[in-house]
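Starting off with a structure, shown below.
The letters A, B, C and D name the chains in turn, as written, and every chain counts its residues from 1.
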């Protein structure tokens, strides 16, 4: 199983029945594949609808129904379409229970950098800044390191997406909760030790008595 | 012909083909009866629609379609319904060409008092403050005096509806334009002299060379 | 779990002293069954946010007459003389707000905005106690958001997912209020199956609606 | 006077150097016929306000590739590499705005608001040059309204009075942009008789629309 699947499987367990959830483009989208059958999550797509469904079968694409990445999707029973002001009203107004987003860097204050690398990549923040500020729970789903370098830092060095908004970090080796006291290591993947995690994490982790093994629902 | 009809007839001549117009409740509503057949005016009702039509025939009332006074009306071909945020967005955003409203007092700076008499009557401003600030042209339609006392003053004494927003005042005896220099008497009713008007007007009127006779389209 | 509940069950969410948003323009678009239910239930000391207090025998007017309202924000109370009487007698604390400003304050509450700048009310008593902010040489008032514990709204058609469609001028304050309260109860003139309202024509998405009550109408 | 005009006639309203709002999310909801018409006509030095610059061969992306845009406000340019290249080369002056903030800025422009307070962007580069306002102990940025000379919008169904109905996710920025420009041109996927869109289902009232052009789809 690759890192991305481990992360998606673990994040899926954070979502509760009835939750309104916005999944960022890329890896976070994969989370929807692993939501248990008895949990119904309502997916919001910030380009203007709720009750987003999976990608259509080939040949069944509707040009008018795409996700926030521009890819064809379907809508489920109960769906409704709306404009971008309403869509971001839903987001900013606290009506989204959880958002799952990727990241370039996260730090021990819950700061997030995810939208630009000065001089290299300036794609724009799109809806990410609103999502991170507005969603009740912000879950960062990302690989623990990038080219061997830590992404979980004492302090973000890249331009921020938002200040002090991240609630949970899920990587292929651990689950970290962002608290006022700092980053608390809640779970480690099977075969991974607390020390292993700290070694590839720049920020100092708070280690509680009981660090669980990451449950990826297998 | 009573004063109200004279006023309504004269105001109707201020409206142009294609104008989007909001008529206040009471006398201003009467203006729609005198719009010439070759002029199509789109009436906006601030409770949430455009292309308002006349009152329905008895027995044809629809509980869901009432004007801003709560009275049954109809809608014309081209109508659309919207919520109050959109409705006042139309008003405040400058999309209404003209509004016609009654007044308790108007003064030479174009200030308007129309919504309360402290200690006596406090109905609330409803949509009037937004209309007066937002409409491109604000026309006050009112009887020239109240119980013999002037309503066109040097300075309003009642709580204001808006500051410096009135463009035109139409009464049963004259038409007055509000300019930066002050109130300019543009027209007097047939049989009424400039002196007659000044006598019942507290504010000093500017009298141009050519004061026309009020045309009420008869 | 079905959102469709009895009137009694839905109104368990409305308690003495709560802030309640109730839509309607002269009663049109007001959930009469829910209002009657509140009176029946005996809830009191409410802080009501609405556009107007209709007439004494209609909609929000009934709550006023029956002494259920302690505090009121509205844009117009002139059609219900009882409101003015109780205001003058000090029995109801009334704040009058321009109607367009009220719509924006409620919308801001639901959309997570900290406020909006409006030119409406500049130089009038509405300005009292508010911050004036200049933008490009023009003056605006900073108007703050409004939120509520409960919104009692009314839909012409409501599907079982809570999607709402409004007919005619009943829409008015319903869509904004549905976004700005912790609990949203919708009175349905008609309850329909999911899908009967085209997803493109839904006005209030069902995600905002907690409970659906069949109206009596 | 009919609002339905030829593409050429409608685009007479778009001149070099103008501010133009163009909706669309990755091209979905963008009026492709109008965009192609702009390129055909040779209009240049445009100040474009949009959500994203799509891909090089689609929608607003084509205007970027063809050097028609001098200034750009957008929330995302990552899917069209040409935008970033021209930005880095100093050929396009790009301002990036959070998508929800962009929606509110345009809505404010159309609704006569002087601005809105949003928590989005606090503590980031988005804050630069903006006023921070505290409300109830929470920090917000004052975001100012946006307006344009022309908005080029796209409707799935447009009736002859200019009433617009949108299908699926094509709606996005269309409704706000239709309110915030001096001239509004709508590209209709389908032109229908007045009444075919139920007045309750109209999204953009015809009063906002100046010209209707039949799209090629």
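Things worth noting here:
Just so we're on the same page, a contact is a pair of C-beta atoms (placed from the backbone, for glycine too) under 8 Å apart; a residue touches a chain by one contact, two chains touch by 3 or more.
Predicted model only: the values in this text are computed from it and were never measured.
The interface holding more C-beta pairs in contact, when B-D is weighed against B-C, is B-C. Taking the CA centroid of chain C as reference, the farthest chain centroid is that of A.
Between the Cα centres of chain A and chain C there is a gap of 35 Å. Our note on geometry: chain C versus chain D, Cα centroid distance of 32 Å, whole angstroms. Here the spacing of chain B and chain C, counted between their Cα centres, is 29 Å.
Annotation for chain A: residues touching 2 or more other chains are 49, 81-82, 85, 88-89, 91-92, 133-134.
Shared interface positions of chain D, defined as residues touching 2 or more other chains, are 104, 107, 111-113, 118-119, 166-168, 200. A complete list of chain pairs in contact reads A-C, A-D, B-C, B-D, C-D. Listing the residues of chain C that touch chain A in their complex gives 107, 109-113, 159, 161, 163, 179, 194-195, 199-200, 202, 205-208. On the chain B side of its complex with chain C, the touching residues are 45-49, 62-66, 68-70, 81-85, 87-89, 91-92, 121-130, 133-134, 159-164.
Here chain D touches chain A in the complex through residues 25-28, 51-52, 74-79, 84, 87, 96, 98-104, 106-107, 118-126, 156, 166-176, 203, going by the rule given at the top. Of all residues in chain C, those touching chain D in their complex are 104, 108, 111-119, 131, 133, 135-136, 138, 140, 142, 144, 165-168, 198, 200-201.
Residues of chain B touching chain D in their complex: 20, 42, 44, 49-51, 75, 77-82, 85-86, 88-95, 133-134.
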